[in-house]
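In what follows, subunit A forms one complex with subunit B and a second complex with subunit C.
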Partner chain A sequence: MGAYFSEIFRGLQSLAIGMGITFREFFKPVVTVSYPMETIKMSERYRGHTELVENEDGTPKCVACGMCQRACPSKSISLASKSVEYEVEVKGEIKTKKKKVLTKYNLNFTTCSLCGQCVESCNFGAIDFSKDYNLASSRKEDFHFDLLERLKERNS
Partner chain B sequence: MSLTVLNAIIAVVIAIGFAALNAAYLVWAERRGAGRIQRRPGPNVNGPFGLLQPLADGCKLMTKQLVIPGGADKALFMVAPVLAMAPAIMSFVTIPFSNVVVAKSMDVGVLMIFAFASLGGMSILFAGWGSRNKYGVMASVRAVSQAISYEVPMLITVITIVMMTGSMNLHDLAVAQSGGFWHWNVIPSLSSPLMPVSFLIFFICSLAETNRAPFDLGEAESELVAGFHTEYGSMGFGLFFMGEYANIVIGASLITILFLGGWGCPFGLFPSVFWFLLKIYILIATFIWIRWTFPRTTIYGLLNLSWKILIPISLFNLLLTAGLLKVF
Partner chain C sequence: MSAPIDIQPGETFTLNVGPQHPATHGVLRVKLEMDGEYIVHAETVLGYIHRMHELMGENRTYPQVLPNLSRLDYLGALGYTHGHVLAVERACGIEVPERAEYIRAITVELNRVASHLFWFGAFVMDLGGFTPLMYAIQDREYILDMLERVTGSRLTYCYYRFGGLYNDIDDEFIPAAKAFIPRMRESLKKYDALVTGNIILQKRLKDIGPLSKDICKRYGATGPVARGSGIDYDVRKNEPYSVYPEFDFDIPVYHECDSFARYKVRMDEMEQSLRIIEQGLEKLPDGPIMPKKKPKLIKPPVGDYYQAVETARGNFGIRIVSDGGKNAYRFKLRSPTYSNMHLFDEACEGMLIMDALALMGSLDLVIPEIDR
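And now, the complex of A and B:
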């Protein structure tokens, strides 16, 4: 008989404790982020798709060496370049030199697995992960990024 | 048209309006409350504070097609949702909201409400049986066994109250408690020292009677898909939903009238309909609070609670009160 009543009282007590917890939670602030209206800032380590890094003058840091293209296990990167002659002053005399300039940098994000091999392989720190995660679309073409174009848009 | 018929029609229209409005906005309140308890905002997009959400839900439910599954018992399938809603609305007719606001004061008001409340179990049985769905049948069997086992302690508690007051008229029951909270039935008196326990029993039973969590065994999603309304879509489901909330309002009103002094002010001042509404909404908030605190019980735990704890204690209370009423 004693066990019967003590069980009832202990049960009631535990119910009261539970009610107390939810009562306190009720008055705590809401932690939800109302997604489309507000977004959270992604952390430093977040890996989105890659993005070209720019110099101070707004041109891409990329020297079009193609290491990233080779490092990519999914063959998602395709880039093209052209040779440009430019003049530089070395020890008082002007010399013409050639360098490669990036003309196209396409990332096929549909096959990209976000492994980061391209960023690892780059010797010039010319590509980095973006923090962009609002990437929903019903069209495949929306995931063929022209990173050069995106860089220009960022700067404009 | 004679005045009495007109009177009755107006009463029923007001009852339906009150029940529907409450059902719609209690869903909103429930979802907002659940959100706050889980530290999310709940529906807040449609209108200010999401207040147009019930309207949107209603439009959505009403524009859906009512699918009757093949092999279902058509008559039972169609009648069940109506049967879920109708008793709830009928019960509103005899509930006194204040000294004057009552559609029809009946001498057997308590009896009538419990008679209609039993019909609620019938609608669940019809729904489960009529839809020819194994989950539906299982759920309705559970819900009916639950309804039966919780009506027993509930009615024993009501008998205790009726014995103390000497009336089955809800109006008289409330009037007997007028004048300050120390007259309320929930406060123990010499002739009824176990009244808080009775109140607790009645409260638990009304949770179980309205099929609310943690006693919503009839709607145990993890085992029974959606329970007895698995096959219902559109407004058929909507009526079940509204019936549940209308029943909650009835349950809260009954608790208020039987235990918390009806429309009386706690300090004996200005008894009015305002106090009645305040009390029932506090009780409903508690219902919502409980629902989002406790997990669902098992069917064994549920029936054990009724037959091994609630019924013996309420019977003991009945006998004790009967004896003490004789002494004092």
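And now, the complex of A and C:
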């Protein structure tokens, strides 16, 4: 009989302790942000979708070597290039040389797992993660990014 | 108007819990044969989110498999990636710098705390208490913020590399982690007073859902499930790997075998993980995070390699059979909750359905990890 009542008492006591804790929490500062009105700044290393890095003159650093395409586990990258001739002066002589110029760099973000293999495999530091995270759409095509186009838009 | 269902005494009916049911925490289906409120027979049905991770491991080169491992258990992903890199490092004989191993251990333990916190919130919510989930998620948020700052992602990390890490921790990480430990200890005290001492929780968990030592051994249960049944087994102690032998920590073991014992094991493990993080931060050596000599192409010599690690859910094993090529010949994953879940069928027979769901919550199931 005594045990019965003491259990009821201890039970009620435990509920009161719990209520006390939630009551105290009630006056603690708010830790959330009201999202569309406020946003938080992404950390330095945040991995958004990849984007091309540019030279000082605004052209992409990428030399279209295709290492990133080969390293990608999900085959999310497709790129194309054309070779153009350009002239350089070597020891007073003008020589024509060929180099590859990137014409297309598409990222299929629907399959990208943000693993970082492409960024790591690039020997030229030509791609990096962006800080974009406001990416919502009901259309799949919206996630097929043309990174070259994005680079141009950024510069304009 | 439909006629009332006429159930004869002794007649049973089938109840499907899931595949879309909040109590199963994912796409798991449990077929229950019920006699009123009592379970006569249970059958767990898997296969709704099978993604063939093992086959992907055999079709891709070794570095390309790295992101897959964190897609198994999205709550404690770092433990799984740790197992993978250790297995490949063992196969290729890559030496890992000490600093990298310490950072790995610290981040794995932080991830373990985050995983247990989420389990704690979700488990109490299964039992009908909503508030603790909010507190748990708030504490977990501190961990995710810290990990995001070093790894770049919040859940599905791809941070470890063969031989080391993707990048070093930054200046803010150490003060943040040091500030987190006392705050987490305060929170644990709060949870103890709010939840552990709560009479309703105790009535729902004590002596409910017994899992004997025998059934745990027969099904190969590991992790907190086995430790709640008095089996003193933790890979970090029994088959030490990484820098765990350097740390002083205990393995909480409870002998009551009920749901409350499993609850207590996880609550105590959080404290032990905090101890490891504390010591890790203290001992953290300077130095490189990648070895100087690292093979350019990961091609393990012909052989059969196995590595087990203790993740938040138990013993995770990874077996790699190499034929000397760029891809693994066989890539086998032994995931802990797969074994932990299967004992549910046998253990819940004769139980009330609400008690069985409490038992299922105490197993800490993460379905993508079972159905990988």
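Criterion: the second predicted complex is superposed on the first by the 125 of 156 C-alpha atoms of A that agree within 3 Å, B and C clash if a C-alpha of one lies under 4 Å from a C-alpha of the other, contacts with A are read in each partner's own complex, and residues count from 1 in each chain.
We take it that a contact is a pair of C-beta atoms (placed from the backbone, for glycine too) under 8 Å apart; a residue touches a chain by one contact, two chains touch by 3 or more.
Keep in mind the model is a prediction, meaning the values are calculated, not measured.
S.K.: Touch check for A:Q117: first (subunit B), second (subunit C), both, or neither?
M.R.: A:Q117 contacts subunit C only, not subunit B.
S.K.: Of the partners subunit B and subunit C, which touch A:F129 in the superposed model: first, second, both, neither?
M.R.: A:F129 contacts subunit C only, not subunit B.
S.K.: Between subunit B and subunit C, whom does A:R47 touch in the aligned arrangement: first, second, both, or neither?
M.R.: second
S.K.: Compare subunit B and subunit C by how many residues of subunit A each one touches, and report the one with more.
M.R.: Answer, by number of touched residues of subunit A: C.
S.K.: Should A:P73 be classified as contacting the first partner (subunit B), the second (subunit C), both, or neither?
M.R.: second
S.K.: With the two complexes superposed on chain A, say which partner A:K98 touches: subunit B (first), subunit C (second), both, or neither.
M.R.: Once the two structures are laid over each other on A, A:K98 reaches no partner at all.
S.K.: Considering only touches as defined above, state whether A:R139 meets subunit B (first), subunit C (second), both or neither.
M.R.: neither
S.K.: For A:F23, decide between first (touching subunit B), second (touching subunit C), both and neither.
M.R.: First partner only.
S.K.: With both complexes superposed on chain A, which partner does A:V31 reach: first (subunit B), second (subunit C), both or neither?
M.R.: both
S.K.: Could you pull out which residues of subunit A sit against subunit B in one structure and against subunit C in the other?
M.R.: After superposing on chain A, subunit A residues 15, 18, 21-22, 25, 31 contact both subunit B and subunit C.
S.K.: What residues on subunit A touch subunit C, complex-wise?
M.R.: Residue list for subunit A touching subunit C: 10-12, 14-15, 17-18, 21-22, 25, 31, 43-47, 71-73, 113-117, 120, 129.
S.K.: Okay, in this complex, where on subunit C does subunit A touch?
M.R.: Going by the criterion above, the answer is residues 60, 63-68, 71, 131, 135, 138, 141, 145, 148-153, 156, 158, 166-167, 170, 190, 193-195, 197-200.
S.K.: Under the touch definition given earlier, write down the residues of subunit A that touch subunit B in their complex.
M.R.: Going through subunit A, the ones touching subunit B are 8, 15, 18-19, 21-23, 25-26, 28-32, 34.
S.K.: How about subunit B: which of its residues touch subunit A in the complex?
M.R.: Against subunit A, the touching part of subunit B is residues 33, 35-41, 44, 289-290, 292-294, 309.
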